[in-house]
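Each structure below is given as structure tokens.
In the two complexes that follow, chain A is the common piece, with chain B as its partner first and chain C second.
Entry: the complex of A and B
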């Protein structure tokens, strides 16, 4: 266990060394939040509420969805693809740790860094620019904390799955890009799932994506009742467990047919 | 003439290398399509809840997005200079470029072109035809010419802004993250500028004129007379911005000292 915690620490320190990149990152996310803020304000127009959300809840939703993305988002699928292509994965496999576990921990180190140096200050800055609403209820914050951790795991597991496909496809840059676009839409980052037409909501209910962005953001904006929040969090937890199965299966198959060239 | 010949030779060479890896090419075009589809789905879902967006109907917004895709496709096919700093300045590749017999910027455009992005123009035109049909827009004989003019204008606006930002590397060689920021700001131009506040509108019109890539030129075809003046400014703004960027580029190249030995 120690070595995994050490890995989180190293990643954290590595990110800390290059922290200037993150100031512009906050700016970029603020620009995106701004674009959607103006769009949604225009969409609401004179209306008080759409699908039970007020315009203030909507701006908060947009802001927290993007800033939370800074926490759960990582590029371990691309890192894995690069390591597999370059053959470095051979060395990784003989090291005394679980490769996938280690990748997850690196992602977590990155996430914790961005939480403190990106999400939190970014949220403060954004709240000065746009009218946002923070919940005063401590249960909301606890639910949000649990939910955001689970969304990190769901997103990371999907990244691991995408990364493992490199073993079979050799070149999956297109797939990685496509996955990112699909997640932005279906996770509720761009539009809350409750805004989709009903048939689409029914389909999305059976997919893990809404656990990534929709659930924590809805909790944060108090758009969920306590009961709904608990149910949603349990669903997230179930998805984390379900996703372990395809990862393990693919991982075993991948290791069997792995060919390292050169060395 | 020489430039045109060189251009087509590079295009031919490019096609050969890309056709070697067809599957890769296919996936790339597919993921572009997916990206455009997501943006369209966003518009469709949003208009499930509202009739008008700042006074614009669903089909008008879709039309603007369709138009935007065309100059954007041209831009992303030919102006891949977002990594100019790392690729050419830090690695000293610009030394090689400067020994070539054609203009340095043109040489970079040729080397870095990604013709598969042109597919976005096809999508854009298809989207425009669809939206135009449901709006009942007619086509007059001047429309194709103006369309061509506005598309080129929009591409030059985008190209001008990105070349100007690339030029920063001539004066300050630190890595900047302004490039990705610009791509995000560019998205503002896809929607009618009247939904933004006046400061952003001013910036999008005169400082970083991304509005001239989407809303303004598209307004002409939508018959929005209050924006006609801006529509016809599109090629002018394009030429002015691109002209300034070329001049800045040339004086930047004069300052360039090369890296390493």
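Entry: the complex of A and C
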């Protein structure tokens, strides 16, 4: 276990080395949040609530969804693709650790870094600019914390799956990009799932994406009852378990037919 | 159980894809691609004992790296058997890889953006090396490779020679009984090469570390290895002592003479008539070359005879270099 924790630390250090990238990042996220805030304000107009959410809940939803994204989002699929294409994965295979486990830990190191240097200060800045509503109920915060960790795992597992496809596809840049768009859209980052047409909501119920953004954001804005929140978190947990299966299967096949590029 | 490596009838085939020509060909390639099966390593067998330093040589594309990748468990063999440190590299991978160290000259295994010592710290945890083990062993490694001043620098700021020394140290953090080095001195300057050789010899002596070294720089092999395994197009064409390779394939010695007086080939043949010597004359520079068997007694006798009869201006004894020997083997085949 020691080695995995050490890997989180290493990735944290690496992020720290490039921390200036993040100042611009905060700006970009703030602009995004601002744009969606004004968009939603216009949509709400004089209405008090749409689909059971008030305008202030909506702006909180937008802010927390983006700031949570900073935590769960990572590029380990692109990193894996590069490592596989350049043959660097050979070096990973001669280490006494689990490659996918280490990749997950790198993602976590990155996430923790962004949580402290990006999400938290970003949220403070944004709360000065836009009217947001923070829950006073500590159970909400606990539910949110559990839920956001599960978001990280679901998103990372999907990234691992996409990354492993590099072993089989000659070029998966397109797939990686498509995956990103699908997640941003179907996870509820841009529009809460409850705003989707009913048939689409029914379909999305059977997909893991809403566990990434919709669930933690709904919890944070108190839009879920306690019961709904617990159910949603259990669903997230089930998805984390389910996703282990295709990852392990693909990984075993990949290792068997592994071909390392270059001398 | 003192064989570090046992390889039996090992074979690795790759699919080599070829593209069809033209637009039509490109579309057909989308559906089915043409390929040929190329054996990169073709039915090789050998054994390496614990504590041996073996040079694994061959031209580019001979299959050296492919062999190393199979021995380290990175690639699965097509057929054949590999036992390294008493284990099958593919079963029990984590346990197996803890018993080997690997350096790929063309590929860094340190983390690019962080200081060298952070990489070391991570590897120490990865290999579960205790503080005491680390301190006693690595302090020595760091001193011998002279990398103390590099430890707080990020890897991307190191020169190739500096990086290579750190890579070597990183591969030895867990003090493995078996070390694979794939072209470790590629592109390095002479001083760094010397330092690395010195170091390898030292750990071999100190810990009885087995070392399998691929290189196309034969001076590395000459400095380190008593035994060479020579590979050509995936097959082993020689496996034995470097010395007997030289004796068997060396073309004997050449002794060049320059004289202060006018000499003819006839004179020389008469003087050395009793020994097996062939003389040649380089007309332009008036250099006479005697070709003789590589036998110290014979050669000193030959020189004594010549010097006794003729006034000599210069003598030069040349030995066929290993490089030439190997060139010859590749050019003419082994038989």
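What to note about this one:
Basically, the second predicted complex is superposed on the first by the 263 of 263 C-alpha atoms of A that agree within 3 Å, B and C clash if a C-alpha of one lies under 4 Å from a C-alpha of the other, contacts with A are read in each partner's own complex, and residues count from 1 in each chain.
FYI, a residue touches a chain if its C-beta (ideal position, glycine included) is under 8 Å from a C-beta of that chain, and two chains touch if they have at least 3 such contacts.
Keep in mind that this is a model prediction, so the values were computed, not measured.
In the superposition on chain A, no contact is made by A:254 with either chain B or chain C.
In the superposition on chain A, contact is made by A:174 with chain B only, not with chain C. Judged by the touch definition given at the top, the superposed model places A:184 against chain B, while chain C stays out of reach. By the touch criterion stated above, A:125 is placed in contact with neither chain B nor chain C. Looking at the shared chain after the overlay, A:95 reaches chain C, while chain B stays out of its contact range. Ranking chain B and chain C by residues of chain A touched puts B first.
Of the two partner chains placed around the shared chain by superposition, chain B is the only one that A:25 touches, whereas chain C remains out of contact. Contacts of A:87 after superposition: chain C is touched, whereas chain B is not reached. In the superposition on chain A, no contact is made by A:244 with either chain B or chain C.
Contact with neither chain B nor chain C is seen for A:235 once the two complexes are overlaid on the shared chain.
Residues 24, 27-28, 30-31, 34-35, 38, 41-42, 45-46, 48-50, 52-54, 176-178, 180-181, 184-185, 187-188, 191, 195-197, 200 of chain B touch chain A in their complex. Residues 2-3, 6-7, 10, 13-14, 17-18, 87-88, 90-91, 93-98, 256, 258-260, 262-263 of chain A are the ones touching chain C in the complex. Across the complex, chain B is touched by residues 21, 24-25, 27-28, 31-32, 34-35, 38-39, 41-45, 47, 50-51, 171, 173-175, 177-178, 181-182, 184-185, 190-191, 195-197 of chain A.
Note for the complex: chain C touches chain A at residues 14, 65, 69, 72-76, 93-95, 97-98, 100, 102, 104, 106-109, 111, 113-114, 118, 121-122, 125-128, 154, 182-183.
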